[in-house]
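In this document, chain identifiers A, B and C correspond to the written order of the chains, with residue numbering beginning at 1 in each.
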Amino acid sequence: MQTPQNLKYTSSDEWLLLEGKIATLGVTDYAQDQLSDVVFCEIAVGVGDTLDKNSIVATIESVKAAADVKTPVAGRVTEINEELANMPEVINTDPFGAAWMLKFELSDPAELDSLMDAEAYKAFCETRGH
Amino acid sequence: MTEPTIYELSSPGRIGFRYPAPDVPESALPKEFMRQDLPMPELAEVDVIRHFTHLSTLNYNIDKGLYPLGSCTMKYNPKINEATARLPGFTFTHPLQPIETVQGNLALMYNLQEQLKEISGFAAVTLQPSAGAQGELVGVMIIRAYHRSRSDTKRTRILIPDSAHGTNPATSSMTGFEVVHVPSDARGNVDLDVLKSLVDDTVAGLMLTNPNTLGLFDENVIEVIEIVHKAGGLVYGDGANLNALLGIARPGDLGFDIMHFNLHKTFSTPHGGGGPGSGPVGVCAKLADFLPSPIIGIIEPATEEIAPLYGFVTPAKTIGRVKSFYGQFGVLVRAYTYIRMHGPEGLRKIAEYAVLNANYLLSRVREYYHLPYERTCMHEFVVEGNWPDVPDIHALDDAKRLMDYNFHPPTNYFPLIVHEALMIEPTESESKQTLDAFADALVKIAEEARVSPELLREAPHNTPISRLDEVKAAKDLVLCCWIPDQE
Amino acid sequence: MYIPHTEAETSEMLKSIGVKQISDLFNDVPLKHRFSRLAIPPGVTEMEVLEELKEYAAANEQAGELACFLGAGVYNHYVPAAVDSLLRRGEFYTAYTPYQPEISQGTLQAIFEFQTLIANLTGMEVTNASHYDGATATAEAGVMAYHHFRGKRPKIVLSSAVHPQYREVLCSYLCGYEDIHIETAGKGESALSHPDNLLKLIDQETALVVVQYPDFLGRIFDFRNLVKTAHEQGALVAVVVNPIALGLLTPPGEIDADIVVGEGQPLGIPMSFGGPYLGFFATRKEYVRKMSGRLVGETTDAQGRRGYVLTLTAREQHIRREKATSNICSNQGLIALATTIHMSLLGKNGLKQVAGLCYHKAHYAAKEIAKLPGFEVIGAEPFFNEFMVKCPKDVATLNYDLLDLGFLGGYDLRKEYPELKNHMLVAVTEMNSREEIDDFVQALKEVSDD
């Protein structure tokens, strides 16, 4: 299972890539494995929207499950991945790359402290098993 | 092999059914509202008969064989029920006729209410909900209404054990409650310590399935209910597993405040390929006023010479109407017929043999499939459908392979607390022969898993169609045969 | 009874389990409550139960013997013999929900065809496998609209000419959402007012506008203006329809309705004292994921053969659990099959024919009743097969007397519409012959004379 070192992680299986004040968000390899074949993804926010901490930013559906994707930190949306709706399956094949969902500007970088680093997330996934 | 759709069979100009010519002078039609085109198929009667007859042959069904589906109670559907439900004196009655003209219907419904009360130990019953899920909704709505009537607005949480029936969490959140999960202990009972820690004055109630979806009767059920009652909460019983309790124990006696029945499970009304079901709800005395409206009551009591006048009663604090009219009447007639044919002894026999059959089946397969909870089961049991020495085989594969042995698979992947679960409920209407054949198939499959696993992984091989691409179905989303182009 | 076991078999089974008697299997049940005695009458045989049920049935008066002019959402239509003949096949009615598609293609394909037929009839793009009835389908439209706007639009504008029971059920379902409020035509306005009176209630807070076509009082209105206004305000529009009327009338899909719901009973389902019936639900493709209820989709198997499966199940209660927007589990399975067979049999021509018969017979009846002194046919709008009659006496009394003459009179509107005292809602279908209609008119005259 992949867990890129340069990312931050949440306990609900989202990842964040931090570049200055801009964060990119997606779901992890563990998440896509749990979901199995993704058939649908809808980004629920638009460019310019304000995000509250823990608000829902997207929904993903597979044949077996439906999941809400949340942002662990507050911000303002700067870009969304328009392509994703047309090829939701990249969430399975490239969860850390082409399956990025949105970029947003952080309102309070201090909130990042609650996120896990790669090692912590890996350990966390191991405790969960299935 | 593939049966064409009615649209593919259609041929312009074919007539399937003729009405008599109009016997009245024609009136002007409202030109601005006239439909330009009616894109419906055109088939002859023989086309329709052959098409649907062919489709029927592709279905597994109870009349063909066993459905060991846990918590579904797929028992035999008696044919006499079909005859009584079709009596013209029932089918030709309009729900809005004056009550004096439908005393037969109302008496039947009243008597059914009374019988269900007696069977379950409740003070009042509504026959209105159309299905188990709707019965549950009514149950949770009553819980909410009860607390509101006491001006107790703090109670926003509903406790649901992890061994609960599938619809319970959805029903709770639909009604505005927060769902709190309660784990089961090692014996498959509700974990009493955790329950005690979770119960406080913010808990509106507990939704308990007993026997639960592990097929186990909660050994502490009385205490569980008392804990919730002491904290001021109500206890809702999911009646999906009532088949194990008929004539054995009455949920009302055990302390349940509300329970829904599934007439299409416990009381033999047919599943019809997905409905219609019927989900009456029983309540204890203090909740009777909250039942949906209307219920059937006696408007004028009987005298020496005349029968009582039955009619509709609006409970004093009703939660309102949840369906048009009074309930799935045609289904109620079937359930009534069934209960009348059984009487108290017959009903008890149902529970006895349902439980006997499940335990017998378990005794035949327990060496081959891991049983996570070492207890006497009730009418169903749950085993694990995979084995540590063949990690590539999953419960799904066992299920699909059973079809090659001419059995419908059991419920799988539920309850969630058992890994790769196979939930098996034979019901009382299956003979020892059928159970032995089913057990033999399960044993064989356990062997095949080691010796020729691809038989399982690629199963089914002998069915009209093989494993279908569900991912493609969800992505392409073709939900109609043919839609005419819309400008 | 239906338990096949012999004593010998039971003994063998007990031995295999390792208990002496069946009652030993119930030791987990608290002793105090074990083996409850049920005070219900003893069981009877098949012959006896049939006699008993026949007595119940005989204690009713029914449309098979009376001439029926009662509608109000449930209609006495002819059910072709082929429908029940197919429905009685055990392969259909004793089948389970099609969760195992490999052995349920019969049920699945029939539902797929049902979905298509309803979509075509209503002029919409997608439909589900049915709800319990027209009332719950209407309620689910409200729930869907509420969730579509994520709870940000808490208002539902509801015409008071929508079936009273459907409005009740809509309210029952939406009361779980604290902030929702439902507005019907402004206070003081009667149900008889034009639906354009609803326009002023539609605003940016409105999630859904619900109207009926033909409405509960039988009238046909042009909703294009209403749909336009609703869409300008960003609200959705749901239209409750009579499916038979759609054999003649422009379907709501063509005027851009967002949701079409209705009661399927007129499509080959006996009146059966209120159920089981069928609620159909149709909408646009863009809302398919917001729609509750079962859905069947087309796909292929490993050999490339066309087949059908339940799809988008991730929306449903057993997967989403507490995040599901509805808890609905079953559809009306066999009832949907019955309507599918009925619609297949009638087809394009049959549906047009029966709609035409209902229309013309109802208009004939209205004209004849209008000639009676003391009676007035109300409503300037076009109507389909139901119309309001202002009577010289209260409707309950008239109906009582009509029964003696062998007629089931129309619906007493006073109950739900207090301003419509002495108004009867008369329905006419293809089952009413001209002679019957003439006799009814004559009977009305007789029972109103005094």
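As a working rule, contacts are C-beta pairs under 8 Å (C-beta built on N, C-alpha and C of every residue); 3 or more make two chains touch, one makes a residue touch a chain.
In this text the structure is predicted, and so the values were computed from the model without any measurement.
Relative to chain B, the most remote chain by averaged C-alpha coordinates is A. Chain pair with the most C-beta contact pairs: B-C. Centre-to-centre separation between chain A and chain B, using Cα means, comes to 38 Å.
Each chain gets one centre point, the mean of its Cα atoms, and the points for chain B and chain C are 20 Å apart. Work out the mean CA point of chain A and of chain C, and you get 43 Å between them. Residues of chain A found to touch two or more other chains are 40, 61-63. Shown for chain B are the residues in touch with two or more other chains, namely 470, 474. For chain C, residues that reach two or more other chains under the stated contact definition are 312, 314, 320, 323. If you check the complex, the residues on chain C that touch chain A are 289, 312-315, 319-320, 323. Every residue of chain B that touches chain A in the complex is listed here, in rising order: 419, 470-471, 474-475. Here chain A touches chain B in the complex through residues 37, 39-40, 61-63, 88, 130, going by the rule given at the top. The touching residues of chain A, counted against chain C in their complex, run 40, 42, 61-66, 68.
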